[in-house]
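Let me begin by handing over the structure; questions about it come next.
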């Protein structure tokens, strides 16, 4: 199967991925992640209190917030702060990021504290939520390292790694890591979050045009597995740097 | 593989499903759908205007809103109207219902009008979103029939049928149509929306505990296919009554 | 005086009234009340905390919330949760329901807890607030019985019964229990809440067209007394069932 | 029947009432009304557009808004603008004021324009809503006179007069025009709006303590009639000045 | 330099200023301040709790809220409580008033309590924020005197006096205390807050038309100094009355 | 006068300033401006419609919005979009940026369109509003150049240049361009906006501790003049690159 991707990439090729740690100086973890032209600033902030529903339970919490600068996109979007509420898409994405990251955290080992992952899109070109998850993982690891260095925690609350990528059916062919041109033209789009053990954490597929078949689901899952393995290797390299 | 489901059901058994048409008298389509103790009132309301972003394009729109009565659940939830905003879960579900139903609608044939599907949960026992999609489809068909009877549309805008069910891994075994007791205890939970051609429209899987493997994804997909085929038969029976 | 009521009822006739207890299974009290085609689901939820302004005073509280499903009416209303606020009519009605029910409650005997009465209109045909008060009373009694059975309270906090009905001047004639057709055409409309001792708890009359005279006020009050006596008998019968 | 009113007034005595026209200079009608220590600034503002729901129907609209300065009362209330919403009591009162004033307006004669009555309480001592209605009537007449003087309307849209007063049962005795000390201690409280023909426009009675009987309703209605006749005479005198 | 001010005033003349204490009866301090036709009601309310961020620190707080009645101005403005939020201009002004008054308060001497200054504009003709600051100072002094009389505080927390005035360049000439006619036509507008020691507390200049030069800044500062000295004398006289 | 600035800078020294054009790719103008560790992304977005209040008047508009990423600061701030409103500080700053930039725009020459300047703080270290104005000017010039290149406008709507800097009194000495360490410790803080003709556009001084004298105002104004001249040179250099 061949397909002419707008970017000229092979069907199973990721965009160039860059993970820059310590991008800003105040946050305990601060990562600028780029999937091609998609750039997301992910910061991890430590708060030494658990949220209300966990007080006194000896457990911590990891949560996420997501935002997009008004002109991160081709035409300007209203600023959500000015509109007075976060849209459904925003809430959906930040819930996804939070669940995904909690999947690799031992909340007892974290202790009664909260780590908030702020994922703010500086420039969007498709795949902002998967870039956000992939970058937020690195920011989270840095924030936990900061806690460990200060002796605030003893056991490592992070088990394994988590990364995410989108896959889709573009002109009948399964492709990896859709950019905006592909995303807006494809029939089916699936966001996949996996861990380094090859297990699925989240899988959200949507048929934009025609409904997808079991064999397409299989092909997309396989592509996602390949892409996420590469992303996890890149996270490791960034953390080792 | 055997499992003791709290309800005593076989792993591949749906709960008793009931689809009552014409449940309330004002709406163009009005269906009370029950998946066991989960009861959702789905109404379809016709408005002879397209939403702003479609004005003058000769196309219609199908959208959904979702709500849960404050005491539909075991402990009372705040009323969203009183809190002043719909929560992230609500927005996520109503976006899912809207996308799912639009997948079987020819918006050109619908013409410049809007059909709003209100899905209000009177009683919750797991699977409210899948019951809502399954019931809303029937309400939508009734509303379209109402339009056809009045000669407002000529071509049928509905192609095929759409239904939804949840599947999960409960005590290591894939099970169909989780009730609340299973949902809150299971490791993995997946909501699946399919059409009557066996194609996937939406697929949203979440690992609550351990991440799920490819073979588990396969088993759950197969269960969903079986359940949805049964639900579509029940929709047909209800519409033929 | 004779009048042709759209429903064919006599001027002093209530619509068929039905009070179904245990309509949903989670709430401590759950009643579906019907005044003709008006159907309101009234649930009573017990919370073992008093509201903030009563903490430490040894008293409880009874409060109400009111909502209408978007398509309970002839044309669809915006969902208040989506609009981001409850309208003035909604707030006015839920304040009325709360005050009316508190009039038969000994808050000291209730102890430091809150009972919330959620009155949600599934179908509207006039008189939703009076149906809500009449049904909520039965749900409240059931919730209190639930507390007594568990030994949580010893003295009965309910003294007497409370019910409500609307009266009006329709084509010059005083009539009882207006349905929507009458309500939208009548000159004067009055909602009356009374107890089983024949005392007035609330009385809210509005001249839509011409102002009403003292003798019309008298005639409407007498009709309300008759109707409420019948409603209280129906409440008793339902509670005895 | 005798009663020691905190103010020393006879049971059927109004507080000193003052109606100052032209209190502020920008509004088409501007009245400071005082019922004893209760002082409400009522302005009438003319807008040469009808509200959306009346466009093109050749009719106008009269509406009201009500507010209370934060320290109009004994202890400071939150500013509603800062809280981000108007409370239920505020909405209830402004709806009452609007309905009451519309009862004396021929909306066809007014033409496609809107008159907004802003009633802002500078100091509260009970009876703010009845003072507001009584004062807003005078502001409305002034605004209509302004329109007539400019030739904008030909037929007088005001028919008759409207005024309001509260009545109640204080220590077992029916009393007129309750001040705050009486209002907070009385058993029953009724706000009455009437026109100069002696007809009832609105009547809202609430039993705070014991439910009231028919004879008490009669006595309160008679007191209200007396008080409103006096208020209408004072309105006339103010307008003639 | 001569200029024809719309009011006929000399360039360095204030409008007639009136400071009426005890304007309403509930607040601990209540002042109606008039700068010509600009009339602002300033109340000071004492709350015996410090705000959350100061609890347990032995310090008090002074804060301000500002509002404008909808028809205080030439054409009616939306009511902020009805719109559901305070506008940017309102927030900016109330922050300015709060900062200005805190500049003369020893928060340790005040003790753990909050004084809220509500500044509500009854009629606007330019300079509402400067009138508000000037009047709020007097209300604050009265509220502190009330605390001293009750023995609640021992040391005087007020050091010095604070007043404010606007200055501007109107038709090329620096003028003092702009009214609305001047304000809307002038090139530059500056609000100045000073203390009785001749020190600047706040200074906010805006070039509406052409940018202003250093010599114009000097001239405006000198005018402000003169005007504020007069205002402080008027405050003293009012407080001595 | 000597002072030990935390940064070691001379009293009249700016921080290192960097102006990077074309920082993101979608906006018509996109500038990352750095004043030391303060980094603000300023984008200019062109919309070919004037705002409602200017429709049909042949004039355009320039407006600004300001935001701060939650972890741009030392401790995390709530996300304004999640809180549901922009704070007073945010509104005040975005109003200041908008007014400042409009001061160099000929709105007739711009034609009926809107340019929105989004200033989002990625990292804060004092002086975010002055950096925002300085960077937004460059983004505005780039957006206007984009319009000119497409032939959408013929006359240049930009006259002159606008830049801003903060000045203050730190340990008794006037200093230029305060960083966060100085800002939080200084007695007086003044934000100054000027044009390239040396005229003042905005001047906002606040005494945090002791009130400032005329000679201090003079010294600060002189420092601001010097700093802004340097900033305007840097803007020119960036635009020439």
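Going by the order they are written in, the chains are A, B, C, D, E and F; count residues from 1 in each one.
Just so it is clear, a contact is a pair of C-beta atoms (placed from the backbone, for glycine too) under 8 Å apart; a residue touches a chain by one contact, two chains touch by 3 or more.
On a predicted model such as this, the values are computed, not experimentally measured, just so you know.
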If a chain touches chain E and chain F alike, it appears here
none
Going by more than half of the contact pairs matching by residue number, which of B-C, D-E or C-D reproduces the interface of E-F?
C-D
Separation of chain A from chain F, taking each centre as the mean of its C-alpha atoms, in whole Å:
33
So the centre of each chain is just the mean of its C-alpha atoms; given that, what is the distance between chain A and chain D in Å?
59
Between chain A and chain B, tell me the centre distance in angstrom, where each centre is the average of that chain's C-alpha atoms.
28
Where does chain B touch two or more other chains at once, residue-wise?
84-85
With touching defined as stated, please give the ring order of all chains, chain C first and chain D second.
C, D, E, F, A, B
Which residues, counting only chain B, touch chain C once they are in their complex?
24-27, 30, 37, 39, 41, 43, 45, 47, 65, 67, 69-74, 76, 79-86, 90, 116, 118, 120, 122-124
Which stretch or stretches of chain D touch chain C in the complex?
85, 87-89, 91-92, 94-95, 99, 103, 190, 194-195, 197-207, 210-214, 217, 221
